[in-house]
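Structures follow.
In what follows, chain A forms one complex with chain B and a second complex with chain C.
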Partner chain A sequence: MRIARKASGVVAGAAAAALALTACSGGSGEAGAGDALDTEEEITLNLAWWGDDTRAALYEEAVELFEEEYPNIDVTTTFVAWDDYWTARNTEAASGTLPDVMQMDLSYLRQYGNNGQLLDLSEAFDVNLDVSGLEEELLAAGTVEGAQLGIPTSTNTLALFYNADVLERIGMEPPAEGYTWDDLNDWIVEATEKGAGEDPVVFGGFDYVGTLWFFMQRLIQQGIEPFTEDGQLNFSEEDAAAFLESTAELRDSDAVYPIERTKQIEPLTGFMVSEQAAEMTWDNFMAGYVAETGENIEILPMPSGDNGPQQFWKPSMLLSASANTDQPAAAATLIDFLINEPAVGEIFGTSKGVPATAAQRDAMALEPGSVDEEVTQYEEDVADLVTESAPLPVEGFGAIEAEWKRLHEELLYENVTVDEFVEQWFAFAADTMPAAE
Partner chain B sequence: MKATRRLRSLVFHAAAVAASIVVLYPAVWMVMSSFKPGNQIIGNTSILPETWTLENYVTAFGGIGGVPFTSFVWNSVVLAVLSVVGTVASSAVAAYAFARVSFPGRNVMFAVMIGTLLLPFHVVIIPQYIMFNSAGLVNTYVPLLAGKFLASEAFFVFLMVQFIRGIPRELDEAARIDGCGHGRTFGLVILPLMRPAIITTSIFMFIWSWNDFLGPLLYLKDPDLFPLPIALRQYVDQTSVSDYGAQMAMAVLALVPVALFFIIFQRYLIQGVATQGLKG
Partner chain C sequence: MPTTTAVPGGAPPPPSAQQLARGEGDAPAPGRSVRRYRPEDTRAGYAFVSPWLLGFVALTAFPMLASLYLAFTDYNLFRAPEFVGLDNFADLFTDPRFLQSCQVTAVYVFVGTPIKLAASLGAALLLNTKHRGQGVYRSIFYLPSLIGASVSIAIIWRAMFIDDGVVDQIQQLVGLPAGGWVGNPDMTMPMMILLAVWTFGAPTVIFLAGLKQVPTELYEAAEVDGAGPVRRFWSITVPMLSPVVFFNLLMETISAFQVFSSAFIISGGTGGPAGSTLFYTLYLYLRGFQDFRMGYASAMAWVLVIVVGIITAVLFRTSRSWVHYTGDVR
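Moving on to the complex of A and B:
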């Protein structure tokens, strides 16, 4: 009896403490992102990003410029590599202490947004945050159910890369303009045949159906929006099976880069070791490809689908502010500075993707023939093809994307059939994604 | 008879050498890769670099994002040394209390302490983080060290308790007769006899702290405070260009102190484990 009474006392105490804590954090939310920025008050902001040491140096440079312009704001920075970044952010999110401003990825936007961790930045529009330089489709990619939770800093879009030096060695022409997915498959078969005599053997391409984004690209070209507005799958098992079957012949005739070798050279790809003639991926991989292969890499738009060659912009990176920040106005100001300031565009170049605003794109000092110049040129060329905003990935996208990739590896090892793949993936997706409301 | 024995010995040694080559290959590969140019590392299993370069070490010594390499080393050393000091001091006192002082609730508390061994670190991360955060101690070394000074490393407390239990009580009683209280019995009799256990604890704690990644990742925000393991991961970011050469170089540099520490103390480590059974 005595023990029970004591225990209830402890519980009551804990509850009171919890109430006091929530009261504290509630009190700080008075200032809004739409209030004018106080230029007198000493403000400290935290800024977090993922990336390597090169990016760290660039950010430090940009932050210095910001602090010069806003002397009353002190920005403390933190950075780690991609995987560790999310481990750290998840822990902070659990305690409601996310950094004031942080780099955000499209695949995590909905998850953090649904948990109420991110600030709706639309309050700050036209006050502390100018988004007039962003294209509408792009800005829309940072909204979840009407709330502007992320501001795209830069864009990328899918592209087909080919290694011109390898093509010359095996005597192949690149795919012709306006090529379709079927043309691409034929091209891969032919390139693999011609590359068989090389040492090491050159393959035409890889079995691209293992990447969920390519499936989404193809759906969009068929006029199907991959996900519904409330974050559910919007395609059928038949659609998925048809996509997977589309390269069945390539798999059966060993025309694609073998999975055994892929596993050996991970995290590189066949294309990066010049054993593969072409590869599709995001256009900002260009710099990495050129650095890895040291060869002449060229870039083409994605193949056309049933309804034509539509593509979409994906914000390669967004900036978000924490819902619990004490300084929403200053946080919005920092985001504004990072996306609009021409000098910041000059500092980063295309290292985060092509800058989202024209002011920053124009400020980049592009050397003719450089990788930056080619990628920027590519995005200008395909701008007309971009008619869709990026499909907003659903909550749990990271997991279903990884499962798609894993099942595809099983498919290549012939451990599952296409039908089993589709069945297992849809079951996994149903378990992983939050049910429709 | 003699010939068979020699043959057996030969086979045994051949097998041992073969096994150690397999085991050591990754380590040797790492050291040699740190001398290869960045693009010749992944997908290349050969040991000898085609071209030798010191470029990777230059990059590694150049630091990350304006933080010099020496800063990472210094932070790692500070954390490791304080962890060792804190763990040894607090665990020894706690172990003496559990082993020699009879106080109410001793058995229950001992059981609770052992119980914490069963609690995976990942279960307590978030509550701990919230606690340290509301105390305003995030982004300092306090969350990483506080527990070490409070004997929260139950494994070492347990190790020392078992060790002290093996020391004959007659020694305590003799000290008692000479007029020692608990303080002096511990300081003058038990502590000197605990040397093997203390050395074992120090070595393990040093290595654990040196290699700890998750704790610093969560609690430290300011790159100036980062220890080596976090800096190490910085070179390989899958979303930007990865510099495997610099990572290998940094890994080699990070391993040097642990390797040295191990070489110097391995005598004691093996001795320590061996004398665990001898009971002082």
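Moving on to the complex of A and C:
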């Protein structure tokens, strides 16, 4: 009897605690992002990002500086790898518990924005958030239908990397200035021929048509905007098939890095293990490539297309605040600190891309020959080529991008033809993306 | 215990030893209730089971009902679920990747499970013989089962089967065509089945316990009648062991349908190469958490529940003809 009463008490207590805990997340909504930050109130902010341990150490350093400057704000941090990051965020979004401040990617901005998950940060402009250091086009990349849902922290653009040490070993010159996509294909074939005698065998490149971004790059060079304003595909099945066919000869003659080997060394690539002479990707991969190969990595602009060598800037990542945050003013302040504070620019260097604000770019210690110096130099060099703004990916971009990559794998294993690839991908896209309104 | 005084011709005799042993000695005397029903006991009972009840309702029952509802909706985690009737189920059977995942899982279950059971029975027979250090062998054979489902083993497995991994080097030594299995869609299924077979410890232990139960008189009698080891195995061991075989078959079949973590790790979460490790549960996960088709994923989950249910029912039905319980009269 006595036990029973006690036990009921415990249960009641637990229930009350649960109620209290859930009540905590109810949100007060007194202060908006545009109200001045209260420097007395004890505030806790959650900050989440994707990345590895190296990036985590940099973030922790930056957060420490922030907490020194704003002693009343305590920042709790979490980080995971890219894939798990979105699983976690999606689940939180469904329950309305997104972190106060989070790293955001262009591929997901529209999806979160369209569903009302993100705070319109324009309210905080000139109060808690100074965006005067960002170029207008770049800032615009963080808007969806007029709302500033993300602030770009840094930029990147596509690039061709080559391993100068590998080229020397196989006796090859890098692609000549002004090279075209066709030139690149010929170059890959030649490099693969010359690398056949190496141990392990060296290939010229990978079958790059498996990356949707390269297709978008190529479309832009053909004068085709990949997506429409209202978030629909703006290219045809013929466009996609032509792009996939453009490297058919490389696949048929085994001139590209074999998929069997790629699957075995994932998440590394042939380029990272020095078995591939060149690879195209985002320019902020430079630091990783140098660290992984330990060799001399050089960087070139992307190949030229039919209408010339146009490239585009992409915000390599953005910072967003949750629409449900209890502390919009503090969240905006944290974002402001992370994008403007020179010391933060010095901490991150180009590891997230070239910083978006001049204040942070200038603060980087650019030692001649360092990775940061080379990447920054590259972005200065290609600035003239950047005549296009980044295509704002459609809602569901993450899924259609992954499906493109998956079908390409099937293509390399010869389980599908180019026509089947195109047919299946368009069907998947129609199924995944919201229909036009 | 009622205190009894021997009143000649009056009170009943004191309880016998047998009655006491059966717990009958304490029977309340008529008209004297020792324990009454007390509502507090019920309340205490509920209080004690409440942690489990809360967990069951909040973490099992409610999510199951929710997923049943979601199976009939279009739900992307962000927008409110939209009722679409049987569309998800209809879509399943025109989805080539769904059909592929069914095929991959079916091969794994219907090829892998019998091999695993045969291997574990073989190991149990070896471990049942009398040898020095048999206890050590038993522990060693059981060890993989303790760690087999873990992430670390999946990672090691992957490392063993890549180019120049242990397996590739052995293949080169014996002059078989070399090359890693991980990147070859034809070889990933054998690799997955080997991993499953290698973790045969749990069914082995159950088989071993079953073997110990077979009365030795039966073997002795058969030996006297001139039965050889093979005949003894098929005529005594197999029938006597059939309930244990049935139990293991059920458990291993059901768990084979649920394989996820090893495929997730070995394929880097993609079900690759070329969909060759796209197990049912992995595709379900990808549909839910990569493509955000939660309604579709829920429909898949319920199809799996129904299929596993049907297979279990069929196994029970067939068991009548091949499972022999000691003492059955037929």
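Quick notes
Quick note on the criterion: the second predicted complex is superposed on the first by the 408 of 437 C-alpha atoms of A that agree within 3 Å, B and C clash if a C-alpha of one lies under 4 Å from a C-alpha of the other, contacts with A are read in each partner's own complex, and residues count from 1 in each chain.
Basically, a residue touches a chain if its C-beta (ideal position, glycine included) is under 8 Å from a C-beta of that chain, and two chains touch if they have at least 3 such contacts.
Fair warning: this is a prediction, and the values are worked out from it, not measured in the lab.
Once chain A of one complex is fitted onto chain A of the other, the partner contacts of A:111 are limited to chain C, with no touch recorded for chain B.
Of the two partner chains, chain C is the only one that A:402 touches; chain B does not reach it. Once the two complexes are overlaid on the shared chain, A:51 sits against chain B while remaining clear of chain C. By the touch criterion defined above, A:410 reaches chain C but does not reach chain B.
Of the two partner chains placed by the overlay, chain B and chain C both lie in contact with A:94. After overlaying the two complexes on the shared chain, residue contacts for A:260 are found with chain C alone; chain B is out of touch. Chain A uses residues 83, 87, 91, 94, 264-265, 267 to touch chain B in one structure and chain C in the other. Across the complex, chain A is touched by residues 39, 42-43, 63-66, 125-126, 129-130, 133-134, 138, 214, 217-218, 221-223, 230, 233-243 of chain B. Contact residues on chain C toward chain A in their complex (touch as defined above): 38, 40-41, 43-44, 47-48, 50, 77-79, 96, 162-163, 179-180, 182-185, 268-270, 272-275, 289-293.
Per the touch definition, chain A reaches chain C in the complex via residues 1, 3-4, 7-8, 10-11, 83, 87, 90-91, 93-94, 111-112, 114-115, 117, 258-267, 396, 398-399, 402, 406, 409-410, 413, 415, 424, 432.
Residue ranges of chain A in contact with chain B, taken from their complex: 21, 46, 48, 50-57, 59-60, 76-84, 87-88, 91-92, 94-95, 97, 99, 264-265, 267-268, 273, 287-288, 291-292, 294, 351.
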